[in-house]
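Below: a set of structures, written as structure tokens.
Next, two complexes with subunit A in common: one pairs it with subunit B, the other with subunit C.
Right after this comes the complex of A and B.
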């Protein structure tokens, strides 16, 4: 139980996917300019990431690994799982809940090329990419906890950052630094703050 | 008026530099730029995948049904990334270890899918090669600039392929350049300066 909590904390805070590991930055800078869009994006990411890891775990453990083709096929297999999953989720949500579709619909296609989803699935499912000093056994429960930690960490940072950027918009900044450059510098400062969590619980 | 092939090549280096002007393909660029050696590996790997997938996609562009073009592009790119993944593991194990999860993540590098969608699926083979090479070179150069600043500034020396290339004596390196926030700062400031230069040129 304690180990699961540490895995969650490592993914959520200490190794935050955006600010410490730089994974998923393109949508981060793309949609974080407004508060509402960043909320929609993070909802979609939490949803798709968890599902993607679940399905990729099944594909790896019941299909690729027993057949002995995992080393060669894991990249196409995982990315196809994610792409078709995104398409499927989009169709289901459009049918079931128009309100939810309105909130996160336009973000779903973007998620296919969000590297955070592929990174979470690959790291938590395929042996060989785990870099933390924590013990990890590639079980389904661990994979899901790790992924949910990553997804929530992504959401927290993107929402926090959107609030910051709305404030930056009205601040007096040199003309050449308006927009992206100042956003990077702000991200650097937030990253500096997150670096402070390093070493917490010895992770 | 149609652009010449040479123009397709050169436009990717400065005007449409993937990193500084189009702001795509960021994630990998920031993560691997703490060492010049990793930047070279990443730049070459991404350029190879981009040129190869541009060639294949522009060859088969007439027979891909429009509705399923994105999945087709992704499968093409994923196959080339698998080639890079396995060959790096075999020939450069140290580089593979350092880049880690970033190699499979080349698949979802928006730069490569973006070029396939915006250029290779509409243009002939020769022009697609030129475009891939230009964008790849622009990407690699931008990565190298960031990596040189971060490694030279952060550690006081550049070590690539087990040779010390440059070493600064009597210089207390600010370690922040090596760490994660340093990547954001370096990139943000470089981008701002580049914009200022471009504005002066107008």
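Right after this comes the complex of A and C.
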């Protein structure tokens, strides 16, 4: 239990995918300008990351690893699987629930081959890819906890950042800093703040 | 390199790709959703400048709303009568002749040589920036800053900067979307009815003497126009002449009486200034 909690916390806060590792910057800056879109995006990310890890775990453990091709084939294989999966899910949601499709449907293609999703899937599935000062060979449960941690970390930061950017939007800042420049500065400052979590519980 | 390994990798990836492709192809059949062709057609007719004057998120948003019946075919402000007719044709309904189109008007005559400056602004060509430096370089705190933020803002390229350092709006290109109205930090630009010829080209609420000291073209609130008007259409409100467009008959009497020439005939000031 303690190990699961540590894995979650490590993925959620200490190695936050956006602010500490700066992976997935395009959605981070692209959709964080408005609060509603960032919430929709977060929902989609949590959903897709969890699904992607689930499927990739299967692909790795039942296909790539037993056949001995995993070491060099994992990136194309994971991308292929994740992209098709997201496409498929998008079709299903479009048919089954138009409301849900409206809320997060337009974000699904955006994260089809997003680096953050690939990173989350690879790290949680492939042994020895990213070390968190924890012994690294996750079972399915641990892999899921890890990826949910990453996804929730992504959501927390992007929503928090959208709230900040909405306020920045109306603040009297020089024109040359408007838009992305001030957003990058704000992201850098938030990143500094997140560095403070390093060493929490000795992770 | 081991040839067997390469073959194995190709087979695995190809096999996975083939299976996934087949699944997706089948799924696209099973989960097929009818797309409303109306939306596509209406979107094609709309101007596509995404000016947002209709109140919907861009032209796509409006096209969807019209197709659903939430918005009228004439909802596109920028498109005017022509687009409204085309959209109505797509929707299969008749459109009534909409009310008089509105056009943007620069309500300031204080161009180069007319208005005095308190300092030389040498910064970025942006009215908002200039306004932040001690509330603008021009001594008149109501008049045009002449840096052309409206020119940049106009999605239809209808505004050009004149040699008199005042923006000139080409009414043939102006669609009345109102983007320039928001772009002006001093609120000089307004949307006015197209058929209205007489306008007060001044926004200064300062007293006559103060206006005189900074600008040759400003309204001094002398009430000459108010007295000469037979239709009770002009009034001095807070030291500024205001024309009631409902009552004005374009008789041009106030035009002749105005001592500073701030009341203007649009035919002269705008249509010839291209």
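As a convention for this text, the second predicted complex is superposed on the first by the 203 of 203 C-alpha atoms of A that agree within 3 Å, B and C clash if a C-alpha of one lies under 4 Å from a C-alpha of the other, contacts with A are read in each partner's own complex, and residues count from 1 in each chain.
We adopt the following convention: contacts are C-beta pairs under 8 Å (C-beta built on N, C-alpha and C of every residue); 3 or more make two chains touch, one makes a residue touch a chain.
Since this is a predicted model, take the numbers as computed values, not measurements.
Asks: With subunit A superposed, do subunit B and subunit C clash or fit?
Replies: Because the two structures are overlaid on the shared chain, the partners are seen to fit without clashing.
Asks: Tell me the contact category for A:35 with respect to subunit B and subunit C: first, second, both or neither.
Replies: So A:35 meets neither subunit B nor subunit C here.
Asks: Does subunit C touch more residues of subunit A than subunit B does, or is it the other way round?
Replies: B
Asks: Give one of first, second, both or neither to describe whether A:88 is in contact with subunit B, with subunit C, with both, or with none.
Replies: second
Asks: Tell me which partner A:74 touches in the superposition: subunit B (first), subunit C (second), both or neither.
Replies: first
Asks: For A:62, select first, second, both or neither according to whether it touches subunit B, subunit C, the two together, or no partner.
Replies: After superposition on chain A, A:62 lies in contact with neither partner.
Asks: Between subunit B and subunit C, whom does A:191 touch in the aligned arrangement: first, second, both, or neither?
Replies: In the superposition, A:191 touches subunit B alone.
Asks: Of the two partner chains, subunit B (first) and subunit C (second), which one does A:182 touch, if any: first, second, both, or neither?
Replies: first
Asks: When the two structures are overlaid on chain A, which partner does A:5 contact: first (subunit B), second (subunit C), both, or neither?
Replies: neither
Asks: For the overlaid structures, how many degrees, to the nearest 10, lie between subunit B and subunit C at the C-alpha centre of subunit A?
Replies: After fitting both complexes on chain A, the angle is 70 degrees.
Asks: Looking at subunit B versus subunit C in the superposed three-chain picture, what is their shortest Cα distance in Å?
Replies: Shortest inter-chain C-alpha distance (subunit B to subunit C): 8 Å.
Asks: Show which residues of subunit A both subunit B and subunit C reach, each in its own complex.
Replies: Residues 72-73, 76, 80, 84, 174-176, which sit in both footprints.
Asks: Show which residues of subunit A lie in contact with subunit C when the two form their complex.
Replies: Against subunit C, subunit A makes touches at 59, 63-64, 67, 69, 72-73, 76-77, 80-81, 84, 87-88, 91-92, 94-96, 172, 174-176.
Asks: Show which residues of subunit A lie in contact with subunit B when the two form their complex.
Replies: 19-26, 29, 71-76, 78-80, 83-84, 112-115, 117-119, 122-123, 129, 131, 174-177, 180-185, 187-189, 191-192, 195
Asks: Given the complex with subunit A, which residues does subunit C contribute to the contact?
Replies: Residues 5, 8-9, 12-13, 16-17, 20-21, 23-24, 27-28, 30-33, 124, 126, 128-129, 132.
Asks: Going by the contact rule at the top, pick out the subunit B residues touching subunit A in the complex.
Replies: My answer: residues 23-28, 30-31, 70-71, 74-75, 78-79, 81-82, 85-86, 100-101, 104-105, 107-110, 113, 176, 179-185, 187-189, 191-193, 195-196, 199.
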